[in-house]
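For clarity, chains are labelled A, B and C in written order, and residue numbers in each chain start from 1.
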């Protein structure tokens, strides 16, 4: 069936557009010609954050069915973990959700520490909170920028990346890396902060807070932005909980479930953690979560800056770190949602099994539900507002 | 008013006019394109092109050379003739409209009696080019982009034409040169001399918004929304044909800016009622004034692009059909009443 | 009747004002090739090798998650230090290469080296046209040492690092000795005895040198217990040395 096929006189079949091996059938009198079209968004596409493929069936501009196809970035991390010791695993685990690198490392380190019943020094725990919150700010700034970019606002992404560069420079002065920190170790941190870090942190908090109000002006208060995102991609709290969604996507629906509050780890029980919640669960609320959470994280950082006690930065470990036999599950609040680390050890220096419950996996599992009956431009608004990192989905 | 290119030999005059129009067409959009790069960059807290000649002034020339030496890829399933002609169909109207737009006293190619009518009619031929590109590309994304684009362009023709009609009503002539001259002698209720921008403020806003939509510029750039459709109807084009699409966008910006200048900002007069010096100096001052006003419109185009996300297709259509067209009709009614009363 | 879009309010204009304001403030771009970035000293740019410190213990190659460190060594025999005794064997470094195409810049090798032979340097401009050139050999790694910055001072409240602790201890004891020596030199001759005694006890407090010999009794007992011959000999020698030293010290204490 090619475009050179001419319609027979009297038939109601017309050739489709060039390149489309389909024929368009005219049904009935006065009925508009429609044809279902199956479209592949991705895996290489400017809109998806990485190599996520969504196969959508379109009826005109309305999505009948959407199926995410994942696995394009599967790197076999859990299998790799079975052949690496714990310090090497910490170096690898910051690469699956590369925007929340420190929080991933923290989860694994905490899992091993809890199994070995190590007492992490106070100073290390406070600094862990500090770095985890800076990581959260970095992560949310990224999504603030990219969400605007997908909707056509090309400026906020540059502002967001300007802030990210400054914060990354700060993190680099302490850890040596801008994205993959490898700063956690089992029993504490690799080395202490450099002199001037806390003062620079304070200065940066003021800066980012001021700029955050600019994002509110540029996007949150913008009527076009509101028209594009309000009421779009509405999510019910029950449906969200049913799919296991967590993090800002869940908070936008009104459920304030946050592992920092329900199961505090590191020093989160000693700081006041504010969990902003939304009302509608639509894309606008999810975006608002990001901007509010940046402010909340800056508040936590300010509390931490005044509370770091002097002391050692890590526990003195044996030459070879062996976790005792047993299994443990550790929950952390990663910036994208709740991350879980299930560690099974048989007493050797490699884990028997390290299973990671990644927040992005559950967040995108509700894409078919969210995209049902939605217009194509809204699909972009929704995909951009369900925050995920493909490395986190596929590991 | 007579054009500068009045010579005894008609064919020589014609040749000169063609050369003049082509020179304007090839240089002014490039300057405006450079302005876009730099202004957009500074609005985004970055520098823009800096490497191609000091401060990046050679960037667009370098881009042109780059496009020229690229491989011309035509998809195997594409409709070759339609695919090949589409960029031309989008570009030629912009050049043709430039023949009637006056850039200064006598600095125009033709002074048609139906100038504005001709300009608006020819500029809407570009819609066909867009549809041709979307259809012939053998690509679902391009097809969707083409359809969206066509719907958008049709929807926003009307507010533009109606706003221009209000000005024509005010100036009592369709000729562009005549409109400029009429503005020169315009007095608001018989008192102060101002350009039409003040009494036709809504008309200017409507014309400007329609121009933004006609050019597929943000916030009305859904047809080429690159987060969704990569480049819409332009996706499958490479090399010089893609450059033609981009050039048609910049040339369109110059054309619409020039039309808006002529219709609303008083054309080549720095201020209505202020006479230009005689002779060649007057032409230069007038030309410079027009370019300056076009640059001001260009700045507005860029400012909108930097700041706003894009409107969804249905919101865009609703805006045009339900808000802009009634406002444009209202505008005409008010102008007509004012014209009769005053 | 489809719903009308909301009329524009102040939000749109706030956005326009923000972009205008940003346009008028200087850009934050650093034009890279003309301006080098200002990198902090801990930046993980490239790994440098101090060959002199390396004892070819292979810990870095073993701990690397990517196995990107290639080490070759050979055994050399050298005469015993201080003359006499059997020849010692020593590992000599032949090849030490890091394949930066594989390296993931985790820093575990730098952490794990017990002899401080590996260091981080902020250099990052070593891209090449051929992937083979990304394997840096010994001499190139030694040259990176010139770019290694000193470590930054630690934040207020941090524990002093171990190397600095021992260094400080040594400096403290040295300072104390110098002070007491100065004071001793300044005292008049009449009080020489008391301080001389102090100096002498200081000398006497030094470990007496005892030539190691096998204590036969201990050796026999250990071999009877089933301890391997070599270990038994070593323990017997150590026992002998200990008892001899204690005896000499007791004699000195009696006489002094």
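Operating definition for what follows: contacts are C-beta pairs under 8 Å (C-beta built on N, C-alpha and C of every residue); 3 or more make two chains touch, one makes a residue touch a chain.
Please read these numbers as outputs of a predicted model, since none were measured by experiment.
The chain with its Cα centre farthest from the Cα centre of chain C is B. The most central chain, judged by C-alpha centres against the centre of all protein C-alpha atoms, is A. A separation of 69 Å divides the Cα centre of chain B from that of chain C. Per-chain CA centroids place chain A at a distance of 42 Å from chain B. Distance between chain centres (mean CA atoms), chain A to chain C: 38 Å. Annotation for chain A: residues touching 2 or more other chains are 155, 159, 162, 218-219, 222, 224, 227.
Annotation for chain B: residues touching 2 or more other chains are 43-46, 306-308, 315.
For chain C, residues touching at least two other chains, in rising order: 5, 12, 15, 18-19, 22, 28. Those residues of chain C lying in contact with chain B across their complex are 2, 4-5, 12, 15-16, 18-20, 22-23, 25, 27-29, 31. On the side of chain A, the complex with chain B involves touching residues 3, 17-20, 37, 39, 45-47, 61, 148-155, 158-159, 162, 218-219, 222, 224-225, 227-228, 375-380. Chain contact summary for the complex, chain C toward chain A: residues 5-6, 8-12, 14-15, 17-19, 22, 28, 39-44, 63, 65, 104-108, 111, 120, 152-159, 161.
Residues of chain B that touch chain A in their complex: 43-46, 75, 77-79, 135-140, 143-144, 218-219, 221-222, 225-228, 230, 305-315.
Remark: chain B residues 39, 41-47, 50, 303, 306-308, 315, 318-319, 322-323 touch chain C in the complex.
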